[in-house]
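Each of the two complexes below includes subunit A, the first together with subunit B, the second together with subunit C.
Entry: the complex of A and B
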């Protein structure tokens, strides 16, 4: 498999304004493009964006080249004077997030009210850790909201239960090709589309330049491969006594697969065949040579070299943040939001704290995730918006109000603004807006995460994915790292568990 | 002989064993003090750390090794939470009021139902009394989450989802069994002859209950009230599930506002947790003598 960055391709005319209509020629050309994440027949571009040219320079060149009028665009789907009612649940900004998130959120609701003043909106901002169970209960009790925005793979569970209404970009005035193919794959279950991507995100590699320099490494260069990570981690530990790589292997924590799967995929492994262009999610690959090589690399760092935190077996990413900030950890996989948070804290710090915060930010470097023998890979994350089946909605579904809202929130403008520090717009045309330009000018970390997008691989889009990623994969890591099993045994054991799960045992 | 009379016989046996016994008692005493000191640290240190963290900036709270005392003490977290002039303060104070309102109503209603129920179980003999008495505990034999879905459906059917009524009703189902059992123990220890004397003097059964039994059982009623209040004040799962509107959330759910997927505002969370613990601590300190009395009542029978 090759990445988009490695491919040539036929470029499309940039900056062509579109809404609801497309040229047949463009579709034909697009259909020829194959991508890492594309599902066979799906087109792979938006009219103003040429994925075949994807690079930080290309993204900068298209940013700020298009004008958007969201309210006018959505008025073609639902008139602005429509009178109705909307209930909406989402994971919104909390007190732990940067000010800019709160500002954008407030601006969004003000703009929505201005665009559709007669739609009475009841929006509930839920906590990330609690939302899934709350929605499950509400849906079972026929008290679901009309619209909900979920982290990328929650929706498949509800789709599999028949609790979501079919919803595709064309239903709200956009086209499937306006969104990343990998993102569309995450809202597709058994051939039907149940949602629209709002934002897409990937993580990046972050390291402490001072520790690198002190350990005799080039402070400006991240490890190019995962083998280098193992090597660098050992060198740092041996020379400085501080931990090299921030391995996390906690059971039943989403942080673990988000950080371990890129390594596993890079070596050529997989849980199922999620790395293939057209995954069927039937073949178990957790004990193939690549998967075992990745597990061996983790074993080497934890057991052989002892170059990662001893508490990695119970650590989440939160436990990596403090040692990283304190210069006790050299490298980790980080979300853009983590970088943004540090910059935000530094900007607010005073007195002695200010000096420390500035030093932390000055020493932070970020780059692409390392590659492996098979590929460079990262988990394709983000969120999608869904509409619940009418019979499950508390007070009944107001479909027009729901579609107006989905159109408004998933368009180029708000899919960009609402993902300001931590993510990228779901709608590809968001990359052409002036807001994207502003983000690129002010958040340098974005260069890296946008560059990682073509290397993004979604977790398997099956209802069992949470069991696979949050239980079986961390269990495999723990079995190998604690010495309970050998690397081979742990991989084989995990593969058997996956097969049993797929077989319904 | 004279020697014998000059030396009085030891009153408690030989001196050497006595000294050994003293040493042993001293050692145990010190061991006990050590354990108590450890327990004190075990319970007090988290509280102290909570307060110290609440006085730090977010960056200082992320330092490793930690700052044992903040280099820059700040009360900003408290000011933000308690000020009605900013959005965070408005939300927090609303959550605080909601928790207080729900907890107080749950407590009052719980005590109002538990007092006559416990009295009935204590004083009256009726068919199925034992069965009913033990069956009230059935609810508390299962984890709370088992009843989440049935209660949610019930509240939906009653039209109470997203109202504080749903929480008050739910908390009653938790608190009542314990309250009834606790109060029955109290009534059992109040001599029935006191009521009989009142009845002879012309009081009705209700008057005997109200003027004689109720004042005597006030420690138990207060202890029961404290139990019910604390339980309602801290409850999280049902509040999260039943409440949908931001302006109706309670404090335990509101505390989640300090967590995000990739970050936690530790100083803000600790400040909010400290403020949240204040009513419970004050309530306990003011009423602790009743609480202790309630727990030890009936332990020794005269």
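Entry: the complex of A and C
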């Protein structure tokens, strides 16, 4: 049994696997001792991780404190001499990704082959833009793979259609509490679990410290609240003439909800009840007071103060990158990898532009997303692994081979190594590994972006989420920001569309 | 003078009018010709006819995102009713009409002007012709991105020039304004398409008899009269085909509006095709999107009918 005193310790010790023998008493004590998570939502523990202490310092303190033997752990689920067959589809490294991702990917497959030499594996690395439709078609034609790794919200569509086999962490030797509560929400549909998180990430708030200083703001402190973002954005625009906050409000673009929903949730709004600990996704909250306050804040920045790019209605985050590196944009929300992107852009600049771009990179800062009257929030992103229903699998499902692979790929070791640059381990024990320590030592701002994870909220886990997030929410923003409707009308109109959607139209 | 009564319908029994053979009789009569094209017909049946059939079938079903396709729900004409009674359909139809009519009209007029200019002999005509063809050969995707940056509301070249020359105080908001977005992308579409009209009409101008134009000039007709009474009548057939092709292309336009605005802001540039795409792949409502597609298909078939009529008018006259 895992002692609570061991949690968060700094000494190097064997990684403790929590197979299903942990006592109920220990869980109760753990739950009592655990203070509320940063989100105030769920108290949850992995063996070596205390989410109640989650902070950049805490993350650094636990990194490199545990040893992992993945092959030995998974051998307890499926013996290593098991002979079988596996088919696996995933969005793997592309030419555009850094060399380290390719190296880790190659190491993973070599390690898998060594751990289970008798499982014949057919793995297909698919393009992100092709995979969803390919899997949909394959599932319709009973030609699905045994195992597939999907971006966080693709799985719900297949679960709703009965195309996935139930799969929970306990099925492969882990515990549900080993994973982020937000991540577990994303694999739960109508009370049943259909997958296991592999990696999770959240965005962070980025600002240009020099612009802050020039505008009379503290260059080392990001805006604490969304009201501050509105205020800072105006101050920067008024004093310097450059745009303050990089609002993104393009129609039919996933970038829009990823940046707007944190603001909406912070003010106490929501599309449905996705911010609650146990969401039922039945009540529409898009026109509650919090949602309207968030929309009003966006309206104030775009229409009243004109302190954000006029092009926000056609912008995705890509269109924010050039203004930011040119010193024409002060604040934006982006992934940890945005720093690498800015370094890359600066390296391609020439002459006076190069000097300016290098200065922007030097003045680039990462911080937590602002909080609001209700909470601090960020969209919970990442990927999950799923097993398809046996009748849909091409050549039939080899359940043992599939579970061995799921165990191997979602454990602390590979969930950390395969998420090297762009994400974080889905398995919380991954944060205690030496590889996490190496990442923290080599990837700038990783500790900050990782600190946002406990504030992560996944989009509503219903099959219609793409329509909610990519269409209805951006439409609402555009209706208000273009003056086609008032803020109240836009919120009410969007709420009605959501209600119609829930009613089945 | 003798009269051939047999040809006057007199006492001799009238010869039976030869009836036009029906499709089946024609196939039987020309069976070996049809054998040659059978493989191509088979492929077309698979890749064109079946998708059309499946789209029509799907248009009578509801396909909620939480149900697999084999569990789709039959709803009869409900999808059509829902579309035709929704306000968004008429908003999108209005946008589509504006987009199609203005794009077609101005692309044709500019193309005609360019064709008339290039039909004359002058120094550098070849170079100018090549330059005017550039928009037609550039990829629509690349052109859309270039124009998007030219129009950019914060950093666009057009906006910067308008400020620099004192036309406006701040960059013009082309694509982020519900009143200017559609005209702005129509301009891009006209720029992209007028070269096509130019090529077609330039070819048509080669058929205008030079002696007629010279004779008219000798008779004292001015330039406008020669254009209106001689050139235009000779361009009538090619103009009709060009306009019909432009209308069909514009009704099917997707790339320029999708890349430049994504249908926004606030639906200001949403046209039929972008709406269908969004409904199918954004909202996962394949049944509704299929019904939308069938409506568009009917409109296109009607236009196709007139197109074929225009193309075969000469042939019918010869047969007659």
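The criterion applied here is as follows: the second predicted complex is superposed on the first by the 446 of 505 C-alpha atoms of A that agree within 3 Å, B and C clash if a C-alpha of one lies under 4 Å from a C-alpha of the other, contacts with A are read in each partner's own complex, and residues count from 1 in each chain.
Keep in mind that, in the parts below, contacts are C-beta pairs under 8 Å (C-beta built on N, C-alpha and C of every residue); 3 or more make two chains touch, one makes a residue touch a chain.
Bear in mind that the values here come from a model prediction, so they are computed numbers and not experimental data.
Visitor: Which partner chains sit in contact with A:124 here, subunit B, subunit C, both or neither? Use first/second/both/neither.
Guide: Touch partner of A:124: subunit B, not subunit C.
Visitor: Considering only the touch criterion stated at the top, classify A:209 as touching first (subunit B), second (subunit C), both, or neither.
Guide: In the superposed model, A:209 contacts neither subunit B nor subunit C.
Visitor: Regarding the shared-chain residue A:323, is it in contact with subunit B (first), subunit C (second), both, or neither?
Guide: It touches subunit B and subunit C both.
Visitor: Going by the contact rule set out at the top, does A:111 touch subunit B (first), subunit C (second), both, or neither?
Guide: neither
Visitor: Could you look at A:140 and tell me whether it touches subunit B, subunit C, both or neither (first, second, both, neither)?
Guide: It touches subunit B and subunit C both.
Visitor: Check whether A:361 is in contact with subunit B, with subunit C, with both or with neither, and answer first, second, both or neither.
Guide: After superposing on A, A:361 lies clear of both subunit B and subunit C.
Visitor: Applying the touch criterion given at the start, work out whether A:463 contacts subunit B, subunit C, both or neither, answering first, second, both or neither.
Guide: In the superposition, A:463 contacts subunit C only.
Visitor: Applying the touch criterion given at the start, work out whether A:471 contacts subunit B, subunit C, both or neither, answering first, second, both or neither.
Guide: A:471 sits against subunit C, while subunit B stays out of touch.
Visitor: Shared contact residues on subunit A, subunit B side and subunit C side combined as an intersection?
Guide: Subunit A residues touching both partners: 140, 322-323, 328.
Visitor: Sort out for me which residues of subunit A touch subunit C in the complex.
Guide: That would be residues 139-140, 157, 160-163, 243, 250-253, 309-314, 322-323, 328, 462-464, 466-467, 470-471, 474-475, 478-479, 481-484, 504-505 of subunit A.
Visitor: Given the complex with subunit B, which residues does subunit A contribute to the contact?
Guide: For this pair, the touching residues of subunit A are 89, 91, 93-97, 122, 124-125, 127-130, 133-134, 137-138, 140-143, 151, 317-318, 321-323, 325-326, 328, 335, 337-338, 341, 345-346, 348-353, 356-357, 394, 422.
Visitor: Can you check the complex and tell me which residues of subunit B touch subunit A?
Guide: For subunit B paired with subunit A, touching residues are 57-60, 62-65, 71-72, 88, 148-149, 152-153, 156, 161, 240-241, 244-246, 253, 256-265, 268.
Visitor: Touching subunit A in the complex: which residues of subunit C?
Guide: 64-70, 82, 148, 152-155, 171, 173, 175-178, 260-268, 278, 282-284
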